[in-house]
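Read from first to last, the chains carry the letters A, B, C and D; within each, the first residue is number 1.
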Amino acid sequence: AGPETVSGPGVNPECFAPWSADTKFFQWEAKEGPYRVAIVNGFVGNTWRIQMIKTAKAYAEDPAIKDKISELKVVSTGTDAPAQLGAIEDFINQGFDAIVTIAVSPDGFDRVIRLADRNNVVLVPFDNVLDTDKVMQVNEDQLTMGRMWAEFALEELKAKGVTSGKILEVRGLPGNSVDRDRSIGINEVFEADGGDWEMVSVVGNWDDGTTQKVVADAIAVHGQFDAVVGQGGSNGVIQALKDAGHPWVPVAGESENGYRKAIAQYSDEGLKGISIGQSPGLVAIAMKAAVSALEGNVMPQLISVPLPVATYKDLEDGKNFWSDLPDNFFTVNEFPPCGVNISGPAIMAQDESDVN
Amino acid sequence: MRISVSNENKPILIASFFIVVILLAGTVYTLSTAGTAPLLSPKYLLQQLQTGSFLGICAAGMMMVILLGHIDLSIPWTLTAAAMTATAVGGEMALPTALAVGIAVGMLNGFGVAFLRIPSMIFTLGVDTVLRGLMVAQTGGFAPQDTATPLMLFLAKDRILGIPVALFVWAAVSVFVIVILTRTGFGRSIYATGSREGAAYLSGIRTRFVTMGAFVMSGLCASVAGVLLAGYSAKAYQGMGNAFLLPAIAAVVLGGTHILGGRGRYIGTLIGAILIVLLNSVLSIMQMPEAGRQIIYGTVIIAMLLVYGRNQRITS
Amino acid sequence: MRQGRLTRWFFQNVGLASALLLFAVLFFSYNMMHPRGFSAAVAVQNANETAAIAFLAMAQTLPVLLGGLDLSVGAVMTLTNCIASELVNGSPAQILLGVVATLLSGAAFGLMNGLIVVYGRIQPIIATLATGAIAIGLALLVRPKPGGAVDGDLGWALTNSVWDFADTYGIAGGGDAWWIRPFADIPVPVIIVLLVTILVWVPFRRSVTGRTVYAIGSAEGAAFMSGLPIDRAKIAAFTLGGFFAACGGLYLAIQTSSGNADIQQAGAYTLNSIAAVVLGGTSLLGGVGSAVGSLIGAGILRVISFYFRILDIDPLLQPLIEGVVLLVAVSFGAIRTLRVKNKLDLFR
Amino acid sequence: MTDAIVEYRGISKYFAGIRALENVDFACKSGTVHAILGENGAGKSTLIKIMSGVFQPDSGEMLLGGKPVSFATPQAANEAGIVCMFQELSLVPDLSVADNISISSPPRRFGLIDRRAQVRRAEELLARVRCEDVDPNAMVRELSLSRRQMVEIAKALGKAPKVLILDEATSALTARDVRTVYDLLAELKDSGVASLFISHRMHEVEALCDTLSVFRNGQHIETFAKGAKSEREIVQLMIGRDVEAQFPPKPKPVAPEELGDPLLKVRGLSWQNRLNGIELTVHRGEIVGLGGLDGQGQKELLLALFGVLRDVEGEVVIGGRKGIPSSPAAAKTAATKVALVPEDRKTEGLMLGMPIADNLLASSFQRISRGPFIDPALSRQAIEDGISRLQIKAGSASDPVMTLSGGNQQKVVIAKWLMIDPDIILLTDPTRGIDVGTKQEIYRLMRDLANQGKAILFYSSDYAELIGCCDRVSVLYSGRIVAEKQGDDITEESLVAASLNIDVEAA
């Protein structure tokens, strides 16, 4: 028996905010804790995922939840759908109570959803979520993220008095739904705007190196852009602009520390930046949601985590970026309404030399 | 069958010709859409060569290994590991550390392939996985420094007389490889071993050390590319080498090196690398969707190899 | 001079025999440690996870036996996965048609590989590197973003035990007929893989064309001089490889009831298929080995990763351990090398 | 010639402009054994490869039983009854003997290969060639070269040929097997089969054939019945000049005490169960032959001395220094340099796809380098020396070595080793597949090298060679030296007797 669809409101709505007004609510039969929780990650081998795993481990030790989790197991299966499905099924077989996962594909989980429901296991996809409303999921709103980037860029351009020109859009991994949603959001806003904007789009795969190269190529070919809206690989955008001697323009991007460092450093020279990112800390909220569901609380089917926005106006060293820490790590990790308070440095700077 | 000089040069000529075709096609595109021809400007070309140097250097190392009839699938994470450890160490020692990582990985590969005689296809794949695991574990343990040192920045980004320093590095690597391949016993031994290892061994060539040497060269080249790439991005990061493996193999093969070893000229690899870089760049400029890009990529490789001339049929 | 049959089989198939042993040991101890070891549920889960890579390992075996490599198997799996996600639904007849069309498209792609290798005389490894890119491109065209709808019943029936299969379609008394009882707990994917092996691989191996594949890998010149049909065998090998890859893609589609043109996944499957073939005792030099070995190799590859789920290992050390285990497993092949007394034997 | 089974009319074949056959008219009749003679590169193999569908002629036509035919593949030729045993064997090493014998048309059941019937068939055919000792289930890889040649003959028989071609297919056979082949060919002849026989061993030709055709430079010179010409005349036809003595004169045997210290001394050498306590000495200036049936450990002995075998036991002293070189690389760089001309030139002696020049230099990079770099002038000089010293017939030194004829390929192997000026030269059947003219050159070369103070250890499967060339002959039997013959004691009878491990004196 899976969750029952009930009517809202759900528990702790500041933290578990329903995605929209018509989001369904789920309720599972309450189980006796503490619970066994498994995290089934896909690919490992970039900083975001590593940070996510570390956050999960750190959060499981957090006093707020420590007593409720008796066992936490984390595996990474690579970009291999059968392996990920297999791992989820294995954990169901092993009798885990909740399974948190970043899906390698937005589809194809029908079987494990069915098995999870049969065995009263709470399955919580987050970050890369599923195209289904049969499971509880946790994510940030990618469409809105795209819109906010574009709106910010337009606002900054208007402030400079620019109403037409060339905008460079840097896209992420082709075929990925996150890439699709963010891009739709971005383009919607520019189209809706009255100005005459020429959009040039290049594919950066969310990878710094690739992004840097394609942005450099685009600059070499198109000369100058009035703003850059990048989905990821933001460090690469900055490097390419810098190397080409491109004047600083409004830039929208992710939440890498290096990118925020650059905004802080160059905003006076014209690098008016906005940084919104997908946080590795989502895992903590997914874990918290899973535990809350196991306790029998009413939960929204789709939980929207607020977008962690920072612009050049509100960057503050040591608070939402760290000038002495590496470029690669992702800055936003705390979600105060949820009681998730694991700051970036706390997990990324376990080595003494990095902590001041 | 007679392999004449012209036959050896054929791939080189055809690949060069194709480079021109790519540039022209790109220019037609930009002329028709924007009315400009930036692809033919020295600025664009130098920039392509600058970023192409990372691939070119990887391909140079890969070629040594392919000449032996082997392959080095560990290049992506050798590159990454070299760059990441170098930036983590930082300072003066960064560059030597990177090179040491490259040499160590090359020796490990060489040991597995030459002494344990495990197929390179599988051993280097294993080494690649191990290196990735090491880098994940390293980042997982603490946050290593990832900022490129000034020397790395200089090598990758600065210009001397308007020419990117990275190009000088690529040129130096190229000269080094050419001298090794054509003018040293080691180089000739690579060809001999790649052509028929048993006969080379019975000729008194220390084939195991030759194999080891080629893998060390490959690791070394990957580490140099890692240093440059870290300098170019101003930092090292997980997965930075992922984009280099298949293009490096393609560059070597499009340059006319025989995938089973024993035959090939370095100039071909050089041109092959430039071809791949320009092809990618032009496709990106044309905003070609991924699907079209992959299909064009595959078709170009097949078409060019068909034009190079088909292999001899084996009858004896 | 003459040895007993078993001894001879063992010495001529050391690779396969040791793979079998390794797999048995690993699989047995995994089940021992698993809280629900030796149960149908665990077997079904293991089988589902292994089916696709097992098919790909079989697909890779044929080009490897020829002395080449097929770097497009993962891409063909992806392409056929996407095709299946479009076609395998609707009425039973439509489903059947979709299945056939998917398998045919994989075989056709394999055929194209074969034609390029034979008539273009391009080395297989490089030809398939290129056609692999083409396959991925086509997959992206078929399915620009993941999704699709594969018949749900079919998905459920084929990814469970025989009992569930019978239950879903209401055959054999919904799975309770006496004659189906002994098989009730066997996972359907195991049966599918075995059926394909017995109906396709075994006859192929026993045909002149199949023998020619071995002969080509062992000594192509000799095979030609012996009057064997070289071209036909090569084309057949690649076509069959494409067919097996399509079996993998089809199963993936049924298992996930969707299609996904995932480039990374395609690459990972290609490399894993090579690893499985090697672990299964097939020589990358060609001429020695079998698809059955590759099935076992695929099993070994998978069972290694099962251990991460039952042992308590730091998640950030898992990739490292996985790499080291793979390296160690393939290094077992070196024992032969160290035993060789005539160094010339090393150079084959 | 109406009764000819195969007939060529004006056949020509060129390889990238090089003439292999030109305007050849040729015919052979059923019920004959027809020898084809000619020096290396005369076009013999090309002739029969056209007949058997490996190559297509550039011009001219071929008739089979009076009807024009052309074969696109060996398969097509087989189906028409033309079966060929090629110079390079056509066995597949990783398949079993039984598989190989029935390779292209196996017995079938339900459309699939019937393995049991296949084994039975193999047993029958192996019995016909008196190789009952060969296990049909053994992999061909496990067999020695001479066994493989016999399996190849069995395989050919199994195809029930109308025309059977043997292209130097008996070059590694020992006396006993050659006799088997003689009998077989006689049998086939009686049943009306035409056999074409290519061999560089004149005595085999003498014994076997009834018609002889001589080729030179791609042209058919003459065909005549056996006995119509003397051996000397035939050789003259083949190589276009007169060959006097085949073997250079031997020096007078020297008394053992005058020889001084041996350059190579072997005591109790054992390896696996293939070598069982070999005792041997070779002095400077000596050519010592290794005789015996094939596969008695001769090749292993040479490989052991060259550092190729692991775990060799026993004592070896080379040039006063104890110990076996650890590898070929060590052997060639030691104070007393050792060189080995291996058994199979195609896989062990040469990098076939590489230029002649690179093959010649493969052992001597140190010699042509200044510092770490190869000196182009030195290397050019070395290549020229090598080519001229052995009179290698090559278009250009940059041609791949596989474009050379077998004999010239063998010369490249020898020339490669002469470049390092070795002290001890180990030769494994160096004249296999080499024409009389070139053989004579090689014999002379060996004697010259010995006279320069080299020590030569020489394995040959041809008794005539051992008798003609060697100062001493040691005969091996199951990994041991069972007899040592010297001077006039080296006779065919004594060698054959020793090979079979029969004590002639005692008998």
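Everything that follows uses one rule, which is that a contact is a pair of C-beta atoms (placed from the backbone, for glycine too) under 8 Å apart; a residue touches a chain by one contact, two chains touch by 3 or more.
Remember, it's a predicted structure, so these values are computed and weren't measured experimentally.
With centres computed as the average of Cα coordinates, no chain lies farther from subunit C than D. Taking each chain's centre as the mean of its C-alpha atoms, subunit A lies 72 Å from subunit D. Computed centre separation for the pair subunit B/subunit D is 44 angstrom, with centres defined by C-alpha atoms. Separation between the centroids of subunit A and subunit C, computed from CA atoms only, is 36 Å.
Contact with two or more other chains is made by residues 44-45, 50, 53-54, 174-175 of subunit A. Residue positions of subunit C touching 2 or more other chains, listed in rising order: 140, 144, 221, 224-225, 316, 318-319, 343-344. Counting only residues that touch two or more partner chains, subunit D has 54, 86, 88, 308, 327, 348. By the definition of touch given earlier, these chain pairs are in contact: A-B, A-C, B-C, B-D, C-D.
Subunit D contributes residues 15-16, 54, 86, 88, 306, 308, 327-329, 331-333, 340, 342, 347-354, 358, 361-363, 365-366, 369, 372-374, 398-400, 402-403, 416, 420 to its touches with subunit B in the complex.
Of all residues in subunit C, those touching subunit B in their complex are 69, 116, 120-123, 125-127, 129-134, 136-138, 140-141, 144, 220-221, 224-225, 263, 271, 274-275, 278, 284, 314, 316-324, 326-327, 330-331, 333-334, 337, 343-344, 346-347. Considering their complex, residues 1-3, 5, 179, 183-185, 188-189, 191-192, 195-196, 198-206, 262-263, 315-316 of subunit B touch subunit D.
If you check the complex, the residues on subunit C that touch subunit D are 1-3, 5, 8, 12, 203, 206-208, 211, 214-215, 217-219, 221-229, 287-288, 340-344. For subunit D in complex with subunit C, the residues that touch the partner chain are 53-54, 73-75, 77-78, 84, 86, 88-95, 99-100, 103-106, 111-113, 133-135, 137-139, 155, 271-272, 300, 303, 308-311, 327, 348.
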